[in-house]
Amino acid sequence: MNNPAFDLLMWARGPGFDIALVIFVGGIVLRLFEISILGRKRDLAPAKGNGFLQGLKTIFSRSVPREGLVKFAPVTYIGGYVFHIGFFVAFFFFAPHIALIDDAFGISWPAAGRVIIESVTALTVLALLALTYSRFTDPVRKSLTTFDDYLVLLLSALPLITGYVAVNKLFGDPTMMLAVHLLTVEALMIAFPFTKLMHAVSFVLSRYYNGSIQGRKGAES
Amino acid sequence: MTATLERGLNALREQIDAPVASFFTSCVSCGLCAEACLFYRETEDPQYTPIKKLDLMRRVWSREFTLLGRIGGWLGLTKPVTDADLTAWETLVYDSCTMCGRCTLVCPVGNDLTMMIRKMREGMSASGHGPVELIGAAQRHIDGNSAMGDLSKAIHAQVKNAVEAAGIPIEFDKPGVDYMVILSAQEIAEFPDVLSAMARIFKKADVTWTISNAAFEATNVGIQLGSRDIARTLVQRVVDAAESLGVKGVISPECGHAYQALRWEGPNLIGRAYNFEVIHIIELLDQLRAQGKLKTKGKNSRKLTFHDPCQINRRGGINKEPRRLMNMVAENFVETEDAGTMNWCCGGGGGVGANERAAPLRNIAFKRKKAQIDKVNPDAIVTMCAYCHHTLDNVLEEFNMEQEVLGLTELVAEYLDEDA
Amino acid sequence: MDCNHPSAKKPSATADVLSFVATGNASPVLHEVKHALIQLLKTGAESVIDLGAIPFAPGDDRVLNEILGIGEVHATLTVMGESHVRETAIPGVWCVDHLDENGEYQSRFIEVTYMPNILKTQREDAERGLETLAERLGALDDRR
Amino acid sequence: MANKPLLPEMMKTHGVSRRAFLKYCASLTSLMALSPAMVPRVAKALESAPRPSVIWLSFQECTGCTESITRSHSPTIEDLIFNSVSLDYHHTLQAASGHAAEAAREQAMKDNYGKYLLVVDGSIPIKDPGYSCIAGISNLDMLKETAAGAAAIVSVGTCAAYGGVGHANPNPTGAVAVSEIITDKPIINVPGCPPIPVVMTGVLAHFLTFGIPELDALGRPKAFFGESIHDRCYRRPFYDKGKFAESFDDEGARGGWCLYKLGCKGPTTHSACATVKWNNGVSFPIEAGHPCLGCTEPDFWDNGGFYKPLSVPSGDYRKMGLAAIVGGAAIGTASALLSKAGKAKAVKAHETVNAHDLEKSS
């Protein structure tokens, strides 16, 4: 006798993960090569500031919004922060995820408790809902939104929701929900390199370029 | 040989490099660039969202520079950019963007949208979608010596006036001096006092300088129109003149895009570094101040504020220098909200000021600057770009505002300590 | 009170730490006990709560013990392993713990009753008691 | 067989008091996850339960299940429950052997046709039935023959229930579970490697008192397999607090912290281990400091490694990842070179823009 939920879980942990990983890692590398091999011409104008250092600095400093801007797009800013921090915490501080990272890279750190993980997850999903809502209602967001954006929102929300359901046994067989959780993560991984999710990697390049262009001129970034 | 769609698309292809690819890859269409844009902020029309203005370039990138986009193109899932598309984008790219660079500084993923507008204009102009006024200016400048036509008589007349006013000789084409001064057409036509101001300051500071008959115009419409070829020709003129005179440096005048063109784009346009330095007049004045060669006496007692020209501060990196000079000569210097790096554009930059079609929109967009000024309610606004100066003069009048606009060089010269 | 009778497994050092780990289930159980006591007084209906049916951590036991306290009666039964029947400081509320021959818990109940049934002599046992007594008396008579 | 004594009589002869019986019924009721209000009904049912004939077949197995069930040192009510059934055939336990043993089975089948309870442990090889035979009869044939007259079947142990170790990859004998062969009889699966003896007796008691218990989708009595180890684990609060043992001898392991990271399958394993425990309630694997292997679940042998956390992929994904980097780099380079070629073509096609040809021809 087989347990379909268990078989699905094993598929998700085995071939499913392998397929997703290959597309995820291969895709990211592909995209990064695709971008960086294009190259940029050496800037012949004598530099006034250190573009390299400011580029590096901007990778981090751009995480802080410009003064006074938050009030003009509160949903995007606050929702964006809650989502990003929440997703980060839920991913990197939930013990089973740390176990995965430990297995893959041999590094680990203390896990956060259930109360933290679950409230963060709930907040993160709420933030996603708010961001989705603003894509429907806010004129700027609405005019910019494409299918890709909704897909990305959905793909980001599903692992959070299914993870929450699996851990709390809200409904369904827990083994099945765990399998479904892994499958949603795998869907996210597969979509990652070829959708706007890729920004989670390419933002480093973009911020660096931005900072280095400005920095060479001695301008702020 | 004429402007065609294919030339335009080719120009766009030429412009796409790693930063562009990275920027389009990173965009999550969060729309925060809209909040930074004066055109969106004052109209609240979502079409003015900066990243939307770049959509055609994004499509070219996606279809021709990404694997999936290429496959999508082969399968006919995406459509190539057409001439009609370019026509539809014309006003977005030229009328509703002053290339002020605010969006570049707020984009959370770090996209340099302004740089991409600059690149996109290459394709727009090559495909014949440049605004007529900018094309006219380009033709006048290429055929003559200034975007305003032949200004050689005018400059000689203004120099003569300045020599009389300052009592200091100004020589043309004098080799071996420290600096060659170039001027924006706006200065020659509207604000010639800067000549006598420079003459007096440089005399005191023992700085020698000259003006070249071959290249006295600083503006470069190629930058605004988005044509590297035209921009290169114009930069080359200045470089040739400066190098034949053997000057130590060229002083970029109070003009935003001129500084951008000569200081930052120029070497890349002509494909080599110059044999001289390019220094902005305000940078130079601040250097002289630091060396003790520029001393002032007395201060202006009126309430003064400072308007940062986008291309000189935000995109040029000259931020603290004008403030140090302001503090030398202003008793009551007040900063506006967002002053400095995030200052609001006057609305005239990037060729928008010359574009008649854009005038109504420009007047709406100016309300942002107006609100910024109103909050401080100064007696006069000081700036370091003749075109900002010109735009502010015009729109202040349009809005029945009382403030006077002053050039920083002239203001400093006014309080020059002649006895020091 | 302690439903953990000393004859049960000795608490270890880790058990002390564990005694602060709780699931939060003690409070609903105690409310159930209160409700049962009201019913007992009103209608005489007896209730039994199976503590094995509720996830309980050592911390929950601690809370339960603190609230219910130790009462007047403590009986130890020796029936296929020990059983501890104890009245708590709340009269009418009893703790009934069944241990096996190895001193391990088989089952744990809270009974809300005037007298837990297990304490009473069962009729069948009394019958067999009578038989045994009769047998022994017969043997005594035979000896005489 | 029919004249075997009923439970009350047996209790009497073993000197077990009524009070002990009541205590047993209370514990049994708790064990079966029934309401305490059911205790009198359980007691009544046990007293008057008819004692069915039981035939126990052992196929591809290790005898661990039988060992587990007989692993009671002192006489308990469980023994009495077993004694109250008529174990007519169990080739490990019965005295008879050879032809006499098979004759006993045939006799019991004949006498109780349609009424006897069939207990099976071990999996059945179907690739070649000759892999496992008893008295020259293949397991497959013996199962089919014996099941035909059974009232119900209890598959004891994971092998009989789900194929177990025999069924594990690569399954050389083609081992299958009882339920794969017999489809027309009620089957109660009591998985575990081995199953908990108390659970076995609980299931038998339930069968005797109330008939076939409520089963889950995998044929397991819900009373014993309804909840996961993880949900009932005394170490669960540590999981919730994010405190984990990282190795078998670290501070966490000594402190009794959660064993998830050491590969514990508690979250996906349904069993009563955490509540009923083993060896008369002494302990269970997690309490002994070892992660749950998930032995009550189908294919638990192939769950990606006993010591691999559930969240860790089971395959050799690192190699895949490295291959993906190389592949991605190659395709990315190819794509970029294609882009660059397009760009180079555009540069080559570039005609110098003249200020006088910026107006579109039409």
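A, B, C and D are the chain letters, set down in written order, and residue numbers restart from 1 in every chain.
The definition used in the following text is that a contact is a pair of C-beta atoms (placed from the backbone, for glycine too) under 8 Å apart; a residue touches a chain by one contact, two chains touch by 3 or more.
A quick note: this is a predicted structure, and the numbers were derived from the prediction, not measured.
Q: Tell me which has more C-beta contacts between its two chains, B-D or A-D.
A: Of the two interfaces, B-D and A-D, more C-beta pairs touch across A-D.
Q: So what's the Cα centroid distance for chain B and chain C, whole Å?
A: That gives a centre separation of 89 Å.
Q: Could you grab the centroid distance between chain A and chain C? Build each centroid from C-alpha atoms only and quote it in angstrom.
A: Measuring from centre to centre gives 55 Å for this pair.
Q: For chain B versus chain D, what separation do you get between their C-alpha means, in angstrom?
A: Distance between chain centres: 76 Å.
Q: Taking each chain's centre as the mean of its CA atoms, how far is chain A from chain D in angstrom?
A: Roughly 38 Å separates the two chain centres.
Q: Please set out, as single numbers or ranges, the residues of chain C touching at least two other chains.
A: Within chain C, no residue touches at least two other chains.
Q: For chain B, which residues are shared contacts with two or more other chains?
A: Residues 16, 65-67 of chain B each touch two or more of the other chains.
Q: Would you mind listing the residues of chain D that make contact with two or more other chains?
A: 231, 331-332, 335, 339, 343
Q: What is the complete set of touching chain pairs?
A: So, checking each combination of chains, I get A-B, A-D, B-D, C-D as the touching pairs.
Q: For chain C, which residues are in contact with chain D within the complex?
A: 14, 17-18, 21-23, 48-50, 52-53, 55, 57-59, 77, 79-80, 83, 96, 98, 100-102, 104-107, 109, 117-118, 121-125, 128
Q: So in the complex, which bits of chain D are touching chain C?
A: Residue positions touching the partner: 8, 12, 16-20, 22-24, 26-27, 29-31, 33, 35-37, 39, 74, 76-77, 231-232, 234, 236-238, 255-256, 275, 277, 279-282.
Q: Name, in rising order, each residue of chain A that touches chain D in their complex.
A: Where chain A meets chain D, its residues are 1-3, 6-7, 9-10, 13-15, 17-18, 21-38, 93, 95-100, 102-104, 108, 110-117, 169, 173-175, 178.
Q: With touch defined as at the start, can you tell me which chain D residues reach chain A in the complex?
A: So the residues of chain D touching chain A come out as 161-163, 177, 179-180, 189, 217-219, 228, 231, 239-244, 246, 258, 260-261, 267-268, 297-299, 302-304, 308-315, 317-318, 320-321, 323-325, 327-329, 331-333, 335-337, 339-340, 343.
Q: Residue numbers of chain B touching chain D in their complex, please.
A: By the definition above, chain B touches chain D via 1-4, 6-7, 9-11, 13-14, 16, 64-67, 70, 125-130, 132, 135, 138-139, 141-143, 225, 227-230.
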